[in-house]
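Below: a set of structures, written as structure tokens.
In what follows, chain A forms one complex with chain B and a second complex with chain C.
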Partner chain A sequence: MIYKTNEAKEIRLFSKGWLKDLKLKEAAAAKLEKLKATDFKQKAAEAAEKIKNLDAKKVARDFIYGKPHEERRLGDLYVPGTGLYKHREWRGVKDTMYYFNMIWLYNYAHMVTDIMKYGGPVTALKGALRYRWMGQCYLTVMHWFDRGLEGTRGEALRASAWHYRGMVNESIRQFMRMFSADKRLNGGEANELWKNTISHDETVSGNIFYGWRDRMDDVALQMIPYFVTCHVNNHTVLNYIDAAQSIGLPGDPCPMCQAEAGIFVLNDVPDYSPVVVTSNEACDGSVGTSILQDWFLDRPLYAMPQPMRYDDPLVQKHCQEEIEGCWRFIEEQTGQKMNWDEYVKHAEAFNKLTEFEHEKWDIAANTDYYPITGVAQALYRIYYSQDGDRDIWHFVDKKVKRIIEKCVTQKINSFPKTRHRVIAWSCAPLYYSHWCTWAYNCWGLNCIINMDSLMFDQMLRTDTYEHALEDLTWFNEKAPMRAMAVGGHEHIFQLWQFMERFNCDMVMMYDQLACKGMQGVHGMFEDEFRKRNIHAIWMPHALPDKRTVSRREIRQIVNDYMFTVMHEEPLDPTLLDFDDNDSW
Partner chain B sequence: MRDLIHIIEFEDLLQEAGNDLVRQAKEEGKRALGYTCNFMPEVLLDIPGCFSVRLRAPRSTSPDIATYYMTNRTCMYGRCLLERAMEGGFNFLDAEMATETCTVTCRFQEHLQRMDVIQNPDFFCEFTDVPFKKNENSVDHYTRQLQAHVLDKLHEHFGIDVSDEALLKAIGEHNELCRLIREIGEYRKLDNPTITGREFQIIQLVTQVCPKYLIMDKLRDIAEQLKTREPDEKPSWRCKVVLAGSEEDDPDFTKLIEECGALVVADRHCYGSLPGREDIVVKEGETPLYAIARHYLENSQCPRFMEQHVMRDRKAYLANVAKEYKADGIVIAQMKFCEYWSYERTIDTVVLNRDYGIPVCSIEKEYVNNAVGQLRTRFQAFVESIELKKLAQEQKASGGEA
Partner chain C sequence: MKKAIVKKCLKALWFLLKVAGFAYLILFIVFFFDLDGKLLYHVVEPNMNEHFNKMERPDLTGTPYGPKEPVND
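For the complex of A and B:
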């Protein structure tokens, strides 16, 4: 069977002898042989014995409410060597039904209706066939949910799942906008959507473009093709890293920047905008990436760098003028004037999101009733704060607020097996952002907050233009991976204050092996941990690149620390070691 | 060629950061101000009462303690500096005028701030924010930063006169030094240059790490001698190259390239003279400080700049340097773990060859250059490829077959 892509490339989907290659006859014969050799009588006797010994009450309890944490044996659910599930876990009647209806079915249905809503199946299909990341990630979405929600029950299951729903919806909206405006998918023509879309580096906040959201849209270049795909299917990004290195880039620069460059090398970003806005966030590698972006995109580009010594009062004016320069650039290039009222509307709406974020932090810090998993907290926070004000975030926050209120008023502890309250510091492994779920299930390590959640912590005043600009400047200076990592060592060592504020007794210290900024303070952290007698687990990783340190190796490092230093026993020993290298 | 006057003495001065001239200036009561990056204008640190020292860690071996602090996955230049500081090699410094212009040197300087590394009671370390663009907004910003974090601090800590008059005097002396370096560097443009790349690099480095007022006479002697210096009748080189790239303060590396037959005729790297040794011009209506800020932003070719036209012009600049200095190729050397130059080198390697027809030898190296054997092979092969290319062109021109 021959298939033709948009670029008229021919792909042979099946070879002639593919049916033969499956060796169905041999497989059927082997199965038959196995059946013949089975002693069914003995099997039946064993089963009867088992039933006889069962505690009916306990069975009923487990069926209705799900097994107690220590008896779940979640590791047994994995198909050996794959990291895929044999079946989803039984969480008790209510939670399993909720998972099936309100998470699995609800989200699958919305993944279809969202496509219909934002551009239709034809556009989505064209995109899936043209862009590798789309083709590889769409159907793996529910496994992303499964990984992040493993072992959760009750309110934690519900609240965390709503976060995922928000991210999926906004991802679909963004890539559908990309596809609808894409010149490549529209016969090489620049349509109206192309003319009315602003593309920007994913580290440039969506807040910058509020003034055009009534007529235009802004979509980050790499947010979906690179960042989201890392979480959903961690195999996809490897190709882009290799592509960047194939043109001569060394292996040691930050693999995030490499991957961001790689999608341009492979021409795997839709051509959806006449302009591009770049930034120096978060590091030297980001600056380097923009050189490559310019080379490949070859269209009007505005660089909007943030100052490095950002809490120096003297730098603010400079930064404000750069933001205004960006606004002028968009006006000149697109002929569309910035709408101040529109800016105010979105900035004020975004403040509502920030207000709720503060409430969440407060509950996480001071009570045991915070119902959101570490991974849901981390991903949702970075996702919405980078994207800026959108309806879906308000919808999700409303749902989550109701759940949190219930937890607080009814004193529901969603993570009752917490042994240690953990703060995660520095940049997280994107291919294993759900380590928090595993760490709680296996060891009772409850990740309360992470460094990147604490970024963008700035209310946006709108009473005057000057105040608005001042706050927007601060907002952007405190962007993810940068607020703590640049501008002086005092920022990165705020860890101690946040540990205290969030009542944490342990640090999961992300050790991004290619992050020069964090490697450059490694020894000082070691000294401080010893001096302050703080338990810190160094978690080595290479951001999106699972080949450097695998998920399994990460788990082994945590296991070793928990056994040898903490002298603790796992809550669920089946999760200590399993091979999920081939998993999404 | 006959030995260049003072070159042996200059070589000796490069053997340690706190060299004889640094000690002499300190004994004369001047303040030693360290810096690592070209974005800290040395002219500001050379105002009366002070002298600038661009930090190097010559004769480094294995930076073990610094590797504990910064791991072995960071640029070795930064680590060697930290190691040298911990060994006491920078105790002569009265201040470190720091910039957050690349991550690892920034972290090195933060170690000086946070840990009690420099054993000098007067020592302080102050950071300046450096913009990523060359526009007017950036020049204004940079001017404010230099005023607050360099001049005000020097006055506050050491009572240094930072008036416009003092700055103008420093600019005058700086321009005189630049004029001499440019004069010396001009001999590299000859068909048969009368100065080697290594000799020039030694001279250039000495101007960066020694009190300038103590070497001016020696530079004049060198410039004088070069007027009559005769090249070897039969050149020892087989082709001429530009050395471009990141931090490079090791004359032995240039020597290695030249031993392979490639004469280094131009230096466009962090410690090079192109750009860096142009006159600072104070235009009408400008303050001296503003002129300095504008000069350092306008002239820099650092890959840190992000404006679209600047990113593109950098390639043309490098191609023009190669043309002006009659170079046959470009060696782009990047310090391992330097993120800026990882990307810049990758693109230069493609663009300079494809768009300008200039052969490029693209390498990655460590600060302590232990990979001499491998690099020698690379350079020899590069020289041979240039020779073959020339041969082919000659044959083509004479109607023969390539």
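For the complex of A and C:
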């Protein structure tokens, strides 16, 4: 058995010299030394003085309602290096008990019921022991909640947590479908679920497959084994990046594409479908991934590329034919006809999600009463719009709608310490998607909206087949990154319009160091920021790879800007610098 | 007789309440001191890692790359 210390040293327990390795003696000696050096009389006097000066009313108030923002000292809660908490935050009686009962207990319990509902504990256990991304990563999911909800109170805590619950439920549903259909976990047999599952690249929208959802299911190849893992536990993905390079591929392309290829190199994608649909989304790096997927999966594949200049009217017909080609491919390969009524049912249901998203944007843009953290907004939006219509999104939206209505009618400002309204632009660091909660807690930087939330902004008409196909094509063309980052410079420069629309006064400009496309427009953005007198902080990162720019370095860059350019002081100085290098 | 049964039921209920209360308290301690995180970080994750590092994996670069057969054939 291995024990990992706070310094990230792994010690094999019960092997030769393991007690020595644990350095228990040294630790005990150091403690003893400290005790010897302590002047207990003085300590007692200090404590007595402290108690004497204690404001009992304030202590009671802090206990019942939680400490005011500036007195929280959230940075003191961390165990250095690990990102673990000495203890979880005390948010006042009501919010702490809400967190404990309705987030921590509720989600642990529902994870169990979800597993029971979608295939059972045996299937889940088999998957956990077979696939690293499952066994190493998803067990740590409650810490994902903790990081995303740090410092939140009241309605912000509740609304944001529901977003996480939706993502957890859908992730469990997807990996359980993968495991239940997986040939490897089912004695090499192609069962009925295997025959009735369509696998596709995560950048191919789930909307494409609505016509089969009454009999079949569609599960993205990388959403669960790669994308969500980076947010939950960023240790896992490093294995896949290294695996891609281990077969001789260069190390400088986008690490997202490398990781997506690496899961195939390590044979860590379940064999759950007879067919695969790929795409060139988001960029030419993804084309490379698709080539590797085609090679390693070795099964019928349909490539459904999207044009780079997608709003050229001349390419629309071509894109529509690509989607119809994909539908024909599925029909031919599986023998299952597309069900138009089923498509209409899901497209109309999905429109309801889009309508609510527009309401959310409207409230975020024009009021101070939007109760959702930047990270919950971003991840939930990218997840559900990519995945398509599912029951859980409607369930979550219903809960969140009630909370938002309460905030608006009662004028509840969930982020009262906001100093700057921030728009986050370009592609985000997946290992630090929760930078927004840190930035608000430390500096009062409130991330109102981000670029990826604004993609897929397309209602789907269903009155005629032609209209449906036309809108579905537009929807698919407005996919992640393509909608703005690599869809032509006029789209990436829509930043100025969105800044105005969402009433933002600052930009968190993501600087994906391995993205050749975005590096190409770096200088143009610099010029525009200067010309328009906009405060923009460049946040360097390498998408899933925390080794290139660590979270700590990212925080230092923001700190430097806030001190030297903005001349502001932190709300919580304990959050300025702390070691979380080996955290999840 | 009836009274005795009611008394027994109430006693059993009280016992169950005490067990549930104790379990709730233990869970709150686990939650508040992040004991779930500590167990996962210090023990579960490194051991799962060890398991996955030892796992034998086929060399997929040997997969032939050529035309595909339709699945319905």
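One rule holds in what follows: the second predicted complex is superposed on the first by the 534 of 584 C-alpha atoms of A that agree within 3 Å, B and C clash if a C-alpha of one lies under 4 Å from a C-alpha of the other, contacts with A are read in each partner's own complex, and residues count from 1 in each chain.
Simple rule for what comes next: a residue touches a chain if its C-beta (ideal position, glycine included) is under 8 Å from a C-beta of that chain, and two chains touch if they have at least 3 such contacts.
Everything numeric in this text was worked out from a predicted model, so none of it was measured.
Colleague: Assess the superposed three-chain arrangement around chain A: do chain B and chain C clash, or do they fit?
Modeller: fit
Colleague: Once chain A of both complexes is superposed, is A:247 in touch with chain B (first), chain C (second), both, or neither?
Modeller: both
Colleague: Could you look at A:274 and tell me whether it touches chain B, chain C, both or neither (first, second, both, neither)?
Modeller: second
Colleague: Between chain B (first) and chain C (second), which, if any, makes contact with A:264: first, second, both or neither?
Modeller: Only chain C is touched by A:264; chain B is not.
Colleague: Let me test your reading of the model: by the given contact rule, A:554 touches which partner, first (chain B), second (chain C), both or neither?
Modeller: Once the two structures are laid over each other on A, A:554 reaches no partner at all.
Colleague: Scan A:445 for contacts with chain B and chain C and give back first, second, both or neither.
Modeller: neither
Colleague: I'd like to know which partner A:139 touches here: chain B for first, chain C for second, both or neither.
Modeller: In the superposed model, A:139 contacts chain C only, not chain B.
Colleague: First (chain B), second (chain C), both or neither: which does A:332 touch?
Modeller: Touch status of A:332: second partner only.
Colleague: Using the touch definition from the top, say if A:161 reaches chain B (first), chain C (second), both or neither.
Modeller: neither
Colleague: With the C-alpha centre of chain A at the apex, what angle separates the C-alpha centres of chain B and chain C, reported to the nearest 10°?
Modeller: Reported to the nearest 10, the angle reads 130 degrees.
Colleague: Considering only touches as defined above, state whether A:300 meets chain B (first), chain C (second), both or neither.
Modeller: Touch status of A:300: both partners.
Colleague: After superposing the two complexes, find the smallest distance in angstrom between C-alpha atoms of chain B and C-alpha atoms of chain C.
Modeller: Minimum over all C-alpha pairs of chain B and chain C: 5 Å.
Colleague: Both chain B and chain C touch chain A; at which residues?
Modeller: Residues 247, 294-295, 300-301, which sit in both footprints.
Colleague: What residues on chain A touch chain B, complex-wise?
Modeller: Touching chain B from chain A are residues 247-250, 252-254, 257, 261, 278, 280, 283-285, 287-292, 294-295, 300-303, 305, 307-309, 312, 314-315, 317-318, 321-322, 325, 486-489, 513-514, 516-517, 519-524, 526.
Colleague: Touching chain A in the complex: which residues of chain C?
Modeller: Its residues touching chain A are 27-28, 31-34, 36-38, 40-52, 57-58, 60-61, 63-65, 68-72.
Colleague: State the interface residues of chain A toward chain C in the complex, per the touch definition above.
Modeller: Checking each residue of chain A against chain C gives 1-5, 10, 82, 84-88, 100, 104-105, 129, 132, 135-136, 139-140, 142-143, 146, 233, 235, 239, 247, 264-267, 274-275, 294-296, 298-301, 332-335, 584.
Colleague: Using the touch definition from the top, list the residues of chain B that touch chain A in their complex.
Modeller: 68-71, 73-75, 78, 100-104, 106-108, 110-111, 113-115, 127-133, 135, 137-138, 140-141, 144-145, 148, 303-304, 306-308, 311-312, 334, 336-337, 339-340, 342-347, 349-351, 362, 364
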